[in-house]
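Here come two complexes built around chain A, the first alongside chain B, the second alongside chain C.
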Partner chain A sequence: MRDFRWLFLLVSAAVVFALLAPQQQPGTPEDAVKQVYDTIESLPEGSAILLAMDYDPQAKAELEPTSIALVRHALRRNLRVIGMTFWFTGNDFANVLFEQVGSEFPDKVWGRDYVYLGFQPGGMAQVITGMGENIARTFPQDYRNRATAGMPIFQQVQSLKDIAYLIDLAAGDSFVGWIVYGGDKYAVKMAVGCTAVSGPDMFVRLDAKQINGLIAGLRGAADYESLIGIPGLGTSGMFAQSIIHAMIVLSVILGNGLYFWRKRKKHQEA
Partner chain B sequence: MAESRRRDILILLGCVAMLFVANFVLFAAQTFPLRSAGMPDWWKTSIIIAGVVMTVAMFSFLYKDNPFFRAAENLFVGLGLGVSLNVEWFNFFKPHVYDILVAPVFDPTVDVQKAELVRLVPIALGILLVMRISRKYGWVSRYTMGMLVGFWAGFAVQPEIHSNILIHLGATITPTPMPWIAWASLGAVAVLLCVTAYYAPKGGRLALGLKIASGAAALGYIILRAVPALQASEAWAEAFNSLDRLVIIVGVLSVLFYFFFSLEHKGAVGAISRLGIIFLMVAFGASFGYTVMARESLVVGRFQFLLGDWLQLL
Partner chain C sequence: MRTIKLTIPLLLAFLFGIFGIAIQYTAHPFSSDTKELISQWSIIIGGITWVLGTYSLMHLHVGKMKRREEGWGYSIFFFFGFGIVALASVHNGGRWFWNPNVAKGTLYQWLYEALFVSAGATMFSLLGFFIASAAVRTFRARTVEGTLLLLAAIVVMLGRVPLGEMISGYLPRVSDWLMRVPNTAARRAILLGVSLGGIALSLRIIFGIERTYLGGRD
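What follows is the complex of A and B.
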């Protein structure tokens, strides 16, 4: 099999199989993921959490399952959820996500129990600082162009200081801005959900206690889904990813085995 | 050559036919058009079909470079630029400049509010910045640049130093209470690693033995950390945390040694800097592993789109 394109085809077939017949994998959720779950569980009913949906379609596969699980968990716990983004290209589907998960809870009302504020231009540091003063003034309108000033959700939540838990779902380095100008400056308890690429950078923040939890990549999403007991795209995606891992390991072993076998054969022939 | 070209054309026609047949079946089975509030949603349906065509065009590069991949790639770049212009116009220029200062000029029923004229100052500063394109008058952009640098220095220096340097410095040198036996073990391992780093490049049986001993020590620690019973124990968890902390200190110092070029990397300095290289390699390896996972997630995401949003099989 000299043409490596067969490997691509094999991986595709494996992913299709894994997605069509997903399995819940055994294992214990990572401590950093469990910290996020435990923090949300520990918040009193009516507390507000802020979800910064700072990602776009490129990172949708990794961060959307996490976002869905977080919004579901928070609404199930009767927390108030406020969403916003610094990524314009992710604005529309973040709104769809809030609408879809919100519709799963018929007793929850937009503007009272949850709201998606949309995209706010003007520079991250400035906008976060503005939210530290007054969220409704920084976002005069929500995604649906309704005035935020009179919304019940903002009667008790006026600034970042009133946010019980801030979670940045970051495809890039937006978490730095949130930590520097939000979490550290206003002493807001914070966690990060990020793509696997950013995962290693986040452990430093976790270690320094700038964030108290971390949900990294599909593995993090699958862990969180298992914690809330609702398997979704993260669980099936992680199963597919595990199959790819197994294929990569097998390919490496097979490739090395063949290499040494050929080398030995050549040596014997010589 | 002709055989290869004929095969490429056949594969291309096969892909187009499969896309056509799949969509035909979806329409015949009334999965398409998608429905919103009971009504056919042609816009959403078209977006999904376009997404499928673009995804297949992108994946086609895995077979070989081709005009469909190039077209999809250029379309992506063009769309990205279009979206950026849209964001700039509708979020910055139109609401803050055009609607307030320009539109009233053409509409006699609307007056420009005097208080809004203050916006002319940042507009003027912006124009000065654009003057960089002129060789003769480019120097005027320095005024705006100076203001920008001054603003950011005042606004960001304190929080950035606090959050990105001081907090991490504190976290690195947090005191670690440990029994003497743990200190002694750690010291022995540190000496073993440094001696290994010193002798490893020299080769021979001693180097090989030291490499095996160091590898066994690192592997032993990783296995110990993974034992669930030890993780559940408070005493062991504390010991692990203390050891982690010390590993971080040793790692930071040895990596700093590696980047310290005022001393020649020979003898003890060389050994410590080689230990720094090992730490760097471990960090790069972890990053690479996570990156591979992220790329796999992208493939999984595309297949979730094809099987779920398009074929409605998930």
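What follows is the complex of A and C.
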């Protein structure tokens, strides 16, 4: 097993096969994901949620399905959705996502029911603190360079204190800044969507009730899609993930089998 | 000279440190207005740092090319990529940069979606191959601890996908327990240690005990 090219080839073939012939694999949604869904379901119509799209193209495959499902769910529930990012490199596709999902709801209007504000430099602490005082003044223009001051959405939603639910879709550690300067300070209920690799970091936050829900990785996205009843990229990716996980487990077992076989052979030769 | 180089910076760090803490923990309108003002200043200064960062990056690559350092040819690609993206952004689909962003059909959008997003996704997907080979190399039942790690990894890997639930309903439950109990306990200990260290370091800077940030020796 010293030559890993065979393993890489097998992994590639398995991913291609799973993506070309996807199978629906029903799974029970995790409690932490259900908590996010239940919170959005419980919000009164017209409430505002803030989606911080803090990810870049590298984490797009994992976090975009979650983002799409969340915006769909919120707009379907007649909530107001405000998007922004601290990751400049993800700014453009986050805007495209808002435009595409927004266009699925012909009765929803940009600037009234949803808006994507874009990126703002200046550091997380300062920008979040600014939003805690006044969102429209911290983001004088949205992604399309339109003045936010006159937008109907910001007549009702003036600061973070008016946000009913804050969800950080984080590829890095932006969730820490949101918890410290946003969630904890302005008493905003908060959840995190993250890559699978960051998932284990979040259970401390869940346990401490700094966040009330967690959508981790593609599995989390698939769970959320099943909860809102609209299968998407998360659901279709789960078959590929199942196959790869099974393949890695089999490779580990095989590697251990070879290790013990070699050890025994060496022992017998000695 | 000592006053300019040491006393004044230490005094400023002390005053702004105390002031920064005070406005975070008081609800007076003055605190609120000051926080908003600082936020606006930070955004302006943040914008300026982008210019500084761009200059610094260019300076670094020009230096590499002048000195013919190893890999200096990549610097040519940096200037090539920088120039093309900058021109495409300024052109803004024929409406130029002073008009609102043209979101679709521009050269910039094509470069972003076809090159940047695709290259980024490719880089991240290589992680799958890395994890596969790392798992095979690392998870060996050589010791009791190694065997426990191996078993935990197998349970979590299977418990996180629907296949695990199809094999046994207990797999996701055990996986969830491993994540919520032993994993959380270890991470909480690390987090508390790091946070207490952060608070201690901040107090050392505010009270002038930690001075390495001034550029001299401790």
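Assume the second predicted complex is superposed on the first by the 254 of 270 C-alpha atoms of A that agree within 3 Å, B and C clash if a C-alpha of one lies under 4 Å from a C-alpha of the other, contacts with A are read in each partner's own complex, and residues count from 1 in each chain.
Just so it is clear, a contact is a pair of C-beta atoms (placed from the backbone, for glycine too) under 8 Å apart; a residue touches a chain by one contact, two chains touch by 3 or more.
As the structure is a prediction and not an experimental result, all values here were calculated from the model.
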{"item": "Fit or clash - chain C, chain B, common chain A", "value": "clash"}
{"item": "First, second, both or neither for A:Thr89, with chain B first and chain C second", "value": "both"}
{"item": "Which of chain B and chain C A:Pro200 touches, first, second, both or neither", "value": "both"}
{"item": "First (chain B), second (chain C), both or neither touched by A:Val180", "value": "first"}
{"item": "Which superposed partner A:Leu19 touches (first chain B, second chain C, both, neither)", "value": "first"}
{"item": "Partner with the higher number of touched chain A residues, chain C or chain B", "value": "C"}
{"item": "Touched partner set for A:Gly130, first chain B, second chain C, both or neither", "value": "second"}
{"item": "Touched partner set for A:Ser236, first chain B, second chain C, both or neither", "value": "first"}
{"item": "Residues of chain A contacting chain B in one complex and chain C in the other", "value": "8, 11, 15, 28, 58, 60-61, 89, 121, 185, 196-197, 199-200, 204, 207, 217, 219, 241, 244-245, 248"}
{"item": "Touching residues on chain B, where the partner in the complex is chain A", "value": "62-63, 83, 87, 91-92, 155-156, 159-160, 162-164, 167-168, 170-171, 228, 248, 283, 286-287, 290-294, 296-304, 307, 313-314"}
{"item": "Interfacial residue positions of chain A with respect to chain C in the complex", "value": "1, 4, 7-8, 11, 15, 25-28, 30, 56-61, 89, 92-93, 95-96, 99, 120-123, 126-127, 129-130, 132-134, 137-138, 143-146, 185, 196-197, 199-201, 203-204, 207, 217, 219, 238, 241-249, 251-252, 255-256, 259-260"}
{"item": "In the complex with chain A, residue positions of chain C that touch it", "value": "24, 32, 35-36, 38-47, 49-50, 99-101, 103, 109, 112-113, 116-121, 123-125, 127-129, 131-133, 135-137, 139-142, 150, 153-154, 157-158, 160-166, 172, 176, 179-180, 183-184, 187-188, 191"}
{"item": "In the complex with chain B, residue positions of chain A that touch it", "value": "5, 8, 11-12, 15-16, 19-20, 28, 58, 60-62, 88-89, 119, 121, 125, 176, 179-181, 184-185, 195-197, 199-200, 204, 207-210, 216-219, 233, 236-237, 240-241, 244-245, 248"}
